[in-house]
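Structure in structure tokens, see below.
As written, the chains take the letters A, B, C and D, and residue 1 is the first residue of each chain.
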């Protein structure tokens, strides 16, 4: 038996500061702290919170929560479906479980457990799908989640939230303490620049209007809010009347915000790190088509294909999902 | 809460929970449990007659398990389906719920009249148990394979809330083929979930035929042991053996390993041809055949039913 | 050991013809034969077909195929995910596997395996999700599938087909022999009245126009085509100008058919045995909102809720998904 | 097809498949396999330097497995990645693919130049192997737990097509926690998939730490046996032991049971601190540290790297 006898957490190897290993991810992705800190805040407020993950505590930063509240942390190993059904069982005892794993495994691999054991059973479980979209770059399709919004949205009784950044996630988690429905939180990789200051206002189902415009309104969610904000600023600076809505809650969708924007602007452009089918674009399309709005819808995102692999920033550039790309898309539309 | 009379004495009339120090297993208790198992079978037949299709044989194989759990092993409070310290019961084989409902009604968890509307529009009682609709159902099921995970979650939640209750999870033998069961089994052992008790209804059959032919699961005890469980094998139709085992497990508060009971049963137990015909997993008995089945369950010699015109087409569709 | 020693397939018990057991399902649901017979026809034509199921060979009628071609049939037991990934492995060897189970387990429980191993891997697996929608009546939510179209539609590279009846399923299976993409077939419970004669024309992605009308066009799929046809006949008989399209292929959607109908009619009414979010209604909404059609969309189906339980025909009546209910819905719209 | 020179002799220059009657395991073969394992480690370091993040330690633990499989055990044809009778190789632990790519290039399945663009936009080589993009990859992976099912499917398809090949599936020890693995294990035994060979890289660690602490999987051999498999335990860094075992399994054409090899390995094998630090599942080595690691792998005494300014921020993001 050749298994190592002593293994340590303390770096003994590389001394070059450019080198790093997995356990140092938290410091490399500052956005990762918001999840753990928001949960700790709930604990401090006396909420019966429990957190769990499936062998990804450094990727989602829950290692931080686990260190603080070892009695409230459960490690499920690589068995996501067991984790989700167990979270449902946990919730029946009056505990409010938060379980986190990559969005591809949570939203797709556990889709049926989420529907049956959580959404249908109406248990107040909070699901955290992180590294959603194409944030895992060259890890490839297995680690991409460009279907999860469509999938989670099709499930009745589930609230679906896609915060733009860490502060908004923290605010949503805080607000979730009184939210009766189970929630799917879709988040990024913790390296997104912040859009909001600490603990902004958050109301489930109430979109945030950043700018209004008559030429076009961008409706964005999640990681796309920041680049959209940059793009919209540039477009407005060049004289175009372009609005921006942060549609953090995909379900229930803020119909009023959509209809008001469609009343005001000639074009609605949805921007999401997701397939343009069935997700934010799909949800907005349903509202617009049923209301018979005059505005035209254009959906921007992953065009019903599998992403190439590359470092994430390269992919965002390639798919025009960075500020420059989004700006180009808008200019092309308005040209 | 209406309490229509039944043959059985109402459980725990004082509404007190069961004591942890069990009374000796008297012949009266045994007779009572056997009567309750018969009650499960008879109610199953009665309710499926309303639905016009159902899982007779899956329910018959676990009638003694239901009876022993609900009238001897489990710590429950009459009329208090949400008592936080109650023992929990989950069914991986949710399709046997038709046999559970009469017991829940008996415990005063919901009015017995609801049984009469089994599967009808607006009624909460369906082929699978639904915790959002039926008081006393601790967890919904229907998708085979989730229950052990959910039961483990209850153990973990109970731990955090400082409550001590036992969690019983009844699984089908076909269910052993679902991978999630083994995820949960591994996790339960890892978590030292000593108050988690899995019961495998080893009736030898699943939907498409004999389990060993469809997808062999033996050595079953070996699998559970290799996954870190304590394993007990028992005749699943012997209420005395079952009650003794459940009592023993309940009294053992030092156990760290979760316990798996492999209950050897007959699918369709009680109705001869169901025990012998693989197809009876799902079906319907027209009134004459139903009467003969009831007679057989009541211990009367089964008189072969006389061929008759088809009963009016059922309303199961 | 009390296990039975001899168990037989031959009924020895009930003699009353009203009694029946599971193995007699095929004769009680005549629509079940189409699947097996269509696969046998492929075998006869020399295609390397293999069929598999997960302990549901009587429910989907594959018992019939298994009896004829035991060497081409695989029984997976109750392990749907293993079945789907194994089907992908089978397909890599040049075999064309058809695997069938309840739509709730195929489309939801196996969602991630379908995306990764089949759709992304572009392997010619055919997935048959049967008893879709609320066809399993009082078996309840676990056995209902009112999300599968939305879920399967979000997966790139997957063709999604919802045949109206057995003959159309058979025609689609026949056509699938030359179809390069993996396919998700969503079918009913084999008790639907036939809409079509034997082996009608079938082209993936080409909708079938039954009637044209200027007041309203119904776009229906799957089990809903038959009641819609009845309803439309009654509506037309009473002088209303109502069209009907059988949108058997949900993906790729026949955009031209949608746009032509939206050009022609004031209202488009989608009818599906599915959540009105994300499925047929969602797909049509995306086309209409992006094209900026003048027609108004109305979606009929399960309204983002979990169905009650009851025998299926009772549910169809309750949810206005039978001919009378659909007729009422249309009349109310046009009133 | 360009064939840039490597230190290793090109395999099977005649393009012929391996013979089933193995040559004796000579010291030269052993030395060759060891050299190939070193090659895997060195290439892993080289490629991760391009990606700026990667799974060093997961790949180091199975370097000898890769080498023995691809240069001794498997029946392949040079330059013919789609030869229908080839042996198949699947990875449940797809995140070690960085160590596989150099071998596939060596077999002439794709131009070696592709390696230089590892993980760059437009290049087919990513952290996980992708059959739609990379010739020689028999199945895509990345979602842990699917591979054994897919491998079983290949066995079944091969049977129907009357082809006889062996299917090797390399699994992580953390992967044992995924239920689908046990579904596939049960099914493979039921199907008597004697030509299916699972290899568990028992390196003792998964992402969040020690497997036994995260979610214990022992007794692992007991689990596989209880699921109907023949189990072999072996030192996963001993190429002679590995080659002998693989040859023995290949020659045994009467086996009905699928075979599971539990390969005891060190996660990070070859670089001392990676063997000792749990965090190295994922990471990046700046150039100086990289040079020290290479030296250590080449058997040179590891000279402690001198602290330096941070290397330019990588381009992994």
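By definition in this document, contacts are C-beta pairs under 8 Å (C-beta built on N, C-alpha and C of every residue); 3 or more make two chains touch, one makes a residue touch a chain.
Remember, predicted model here, so these are calculated numbers, not experimental data.
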More Cb-Cb contact pairs, comparing C-D against A-D, go to A-D
Farthest chain from chain A by C-alpha centroid distance is chain B
In whole angstrom, the CA-centroid distance of chain A from chain D equals 34
Rounded to the nearest Å, the gap between Cα centres of chain A and chain B is 41
In chain D, the residues touching two or more other chains are 140, 142-143, 177-180, 183, 186-187, 190, 215
Chain C touches at least 2 other chains through residues 76-77, 79, 81-82, 104-105, 109, 112, 116, 120, 141-142
Among line, ring, star, complete and other, the chain contact graph is complete
In the complex, chain B touches chain A at residues 84, 131-132, 138-140, 142-143, 146, 149-158, 160-161, 163, 180, 183-184, 186-187, 190
Given the complex, residues on chain A that touch chain C span 104-105, 108-109, 111-112, 115-116, 120, 141-142, 146-147, 150-151, 153-157, 275-279, 281-286, 288-290, 292-299, 304-306
Note: in the complex, chain B contacts chain C through residues 51-52, 94-95, 119-123, 126-128, 130, 140-145, 174-175, 177-179, 202, 204-208, 210, 214-215, 235-237, 264-267, 271-289, 304-317
Contacts from chain A onto chain B in the complex sit at residues 48, 50, 71-72, 74, 76-77, 79, 81-82, 84-95, 97, 112-113, 116-117, 120-122
In their shared complex, chain B is touched by residues of chain D numbered 176-183, 186-187, 189-190, 215-217, 219, 222-223, 225-228
